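Scrolling down, you'll hit the structures one after another.
Two complexes are shown next, each including chain A; its partner changes from chain B in the first to chain C in the second.
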Partner chain A sequence: MRRYPRWPIHLALLAASFIMLVPFYWVLKTSVSGENIFSYPPNIIPRDPNPFYYVDVWYAIPFARFFLNSVVVSTMTVVANVVLNAMAGYSLTQNFFGKNMVMMLFLSCMMIPFQATIIPAYLITGKLGLLDSYLGLALPMFSTIICIFVFKASFDAVPRSLIDAARIDGLSEWRIIWKIMMPLAKGAIATNVILAFIWSWNNFMWPLISTRSIDMQTLPLGLARFLSYQEDTTGALYAFCIMVLAPSLLLFLLAQKEFVQGLTSGATKG
Partner chain B sequence: MTDSDEDFTRPKWPRLLSNRFVVVPALLLVLTAGWNAWVVTHDHGIVAGRVLDASGTPVEGAEVKLWVFNFTTFVVKATTTSRPDGSFEFANNPSHNIQVSAEKPGKGRSARVAIRLYFASEDFVLKDPLRLTDGT
Partner chain C sequence: MCKERRQGLWVPAFAGTTRGGIPIGGPFMVMAISETAAKRRPNFMGRKSTRKAILIWSFIAPSLLIFLLYRILPLAWNVLLSFEAWSPLKPAVFIGFDNYQEMFFDDEVFWQALWNTLLIIGSAPIGIMIALGLALLVNADIKGRDIYRTMIFLSYPLMTVAVAIIWRWMFDERVGLINYVARGLHLVDKPIPFLNSFAWALPSVIAANIWQMLGFYMIIILTGLQNIPGNLYEAAAIDGAKALHRFMRITLPLLRPSIFLCFVIGMLNSVTSFDLVYVMTAGGPGRATEILVTYIYKLGFTQTRFDYAAAVTVVFFLLLLAVTWTANRLSGGDAGAVERG
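== the complex of A and B ==
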């Protein structure tokens, strides 16, 4: 079999990576140099790099409090997503009356944008007395349909014989999910963790509506507050972006293997 | 050794502890704790330096001002007077973005020196003295 040279592919990938990484580099560079984005000619290497724009951000708003709020809400969202989506995904691998109808309902619900459900979500959260609380902030993101299907695809790849054997051994459905299915669905768990984390971490609209006190605001709201405080925001704004981006970037880098596995699991049969 | 040849007699905890999901957060925790320890031991708000005249002689009795950034502009937060050897010291500086200037009638005034600190109230000693010029 003839082997084609690989360098053209590597070259193309390098070019694509470069195009995608340049904006990240520019944000990082501006965050340590404060260089005006309109300055010409632009400096590729930052001049007099310093960390003081990060210090400005830290003290301009209650960054630590906003960060803590984001971490708490994201953690609650991630845990709830993994548990609830796994349960829903497992149920969709079973045969029951109206299963196709439920699947159609899920798929059709995916077409409804979150903005359209904000008012009912607000009213329900208000009736539950959860406005301006961590639980209220996380509640609408406790389960996502896409992640349910990620779990379903992963569970579908598990041989039926394994589940049957577990049932014969006397395991309940709960224990089948947690003891048999979940250890075999690490990729799906990682995908759920990362997607739920990113969606929760970047969410702006829901925290804006459901929080009243400054103490309960999250980082995206902090960014808006920060922009209203500062006049010259070039360096500090970019530093803020890096500080908001860093945790999700770290999480992705830590779990990228599982993330890619989760996206591709169930893509092939057999 | 392949996965199927796993040695079950060995304890699992060393492998769990060397997991990247444990090592990276632990490293971050250590760095944060170290940084906080440094901050706690160096946040007395002391800003110190010296005042010299144009010929390099220490100036006694110069009025030294501490300016603190207040959203859009710098405002005077504290004032002190230089000692016989020209040294001065502010205590309880609350900010991370400050300026220092000195002035004495007959000797002149210094330029405002901008100081950026790594955290609010960080102890800081000016490397270059404040030089009074244009005293006439």
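== the complex of A and C ==
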């Protein structure tokens, strides 16, 4: 069906991609250029590129501390997510008393956005004594319903006969999970790792509410704080932006397939 | 003959239900037992099924606990708190609908925030329409379409705080790129202070939000497009249907669930995009970009009015439910039930 010309499509898509990418370029350019920010007209290509603003960021704020906090919280979230969601997903593939109730509960929890729970969530975390701690930061995100359903779909796809064969060979339920189900659910694990990492890495509202000391703040908070006591017009702010964006951008480009798969399977089958 | 039948039926009884060769019960009972035994073996051996039930429940318990603790309990607590006068270190007093009365009759900020939230919900279709166009384009059989998809999708997984800072920079009055371009093309005489003007602030925030969500909408619609069976188009082409006709009669109706799904997720994401608003404008200038989520945050955590904030949260939640429910009904029941984080 090669009847219509292709160039209008390319033209439209190039324009769209241009609009999507220009803001990145502009920020990157600002972060490396040494020119006066107020010069008019602005240069398209950075004149005299240098990494000074990046060094500025390093000295202006405890970047290493924020980075460490973000890494610790994200790691906790990712590990907990994979373990808890895999377990919950596995049990949803089995028949047990009360399964329908649990399914209903999960589906209705999906309709409650986290932003509609902040005040009690803050009070609950306070009662648990977890405010301003790593566990308190990560706990509300320990399990994600979409990912539970991704795991369930992946476990459902394991052929029944394979499990029966393993059972006849005398494998216990635990060994069946570890030796047969988990290796076959690698795709689901990858999806969950990426989604949980990105959600937790980018999370802003919960750390804003649940942390008090600067020592416990994560990168998004550091970025917002940096904005509040620096002018918009210093390149260092944009250098900070690039430093914060780089890890998730890199991870996304490396594991784009799993990421998109997770979103669409969560969205269309969930 | 009767004896033969009996013997025939005894066999499964011997094999399945007895130990030491002694059959239990009459033939029909044996039949029934062996049938159920084949269907639900775990139940037949009582001890093992209990152990398995315990295993399954202990598997699901941690996740369940998290959701009870951070979704269900907060919901209930919000409702309870909204009928009380309470602040930390004070005993709670039941005050009925006083909080709601104040909200509906004495609080202009609430109405402003509600209106802004509704405007943001109303703006979701703009992004979805653009995304629909892009999805049709990247679904075409062209070279490099994966690269286009990646470039358009790239903004979605990024940290919203950084996106907000990027767009502050783009919209800046003195040095923002948008003002440079507008001035360069002589569209405006003097720079527009986008984020500091009452008229432009909310549209600017909405534009930044659409920019971030566009790739996500596109991917969802693209998945929907790829699920449409190709032979429908072939059949329509043979019947002589024009391209526009095929789009209106095949593509759009079959995309309906995807589009409504986009709307529900996009709506949830936009009205809860606390970080974008908080960093771009902090609700200002004045209350021009205040949305319900930022208002709840300010009430709770800068004014320490947890009780009143809870009442606003209840209204916010009911609004989301109502919009989702309506979208669900319109879509034929497939959308909904999903959010991002």
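The rule is short, and it goes like this: the second predicted complex is superposed on the first by the 213 of 270 C-alpha atoms of A that agree within 3 Å, B and C clash if a C-alpha of one lies under 4 Å from a C-alpha of the other, contacts with A are read in each partner's own complex, and residues count from 1 in each chain.
By definition in this document, contacts are C-beta pairs under 8 Å (C-beta built on N, C-alpha and C of every residue); 3 or more make two chains touch, one makes a residue touch a chain.
All of these numbers come straight from a predicted model, not from anything done at the bench.
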Which superposed partner A:G187 touches (first chain B, second chain C, both, neither): neither
Chain B versus chain C as contact partner of A:P207, first or second or both or neither: neither
Contacts of A:M87 with chain B and chain C, given as first, second, both or neither: second
Contacts of A:I124 with chain B and chain C, given as first, second, both or neither: second
Dominant contact partner of chain A by residue count, chain C or chain B: C
Partner chain in contact with A:C241 - chain B first, chain C second, else both or neither: second
Chain B versus chain C as contact partner of A:G136, first or second or both or neither: neither
Contact set on chain A toward chain C in their complex: 1-2, 6, 9-10, 12-13, 16-17, 19-24, 26-27, 30, 37-38, 40-42, 84-85, 87-88, 90-92, 94, 96-97, 102, 105-107, 109-124, 139-146, 148, 173, 198-199, 201-205, 209, 219-220, 223-224, 227, 232-233, 237-238, 241, 244-245, 248-249, 252-253, 256, 259-260, 263-264, 266-268, 270
Sites on chain C touched by chain A in the complex: 52-53, 55-57, 59-60, 62-64, 66-67, 69-75, 77-78, 81, 133-134, 137-138, 140-142, 145, 148, 150-155, 157-162, 165-170, 172, 174-175, 177, 180, 184, 211, 214-216, 219-220, 223-224, 258, 261, 265, 268, 272, 274-275, 278-279, 293, 296-297, 300-301, 306, 309-310, 313, 316-317, 320-321, 324, 336-341
Touch list for chain B against partner chain A, complex: 20-21, 24, 71-72, 96-97, 116-120
Residue ranges of chain A in contact with chain B within the complex: 50-52, 55-56, 59, 229, 231, 250, 254-255
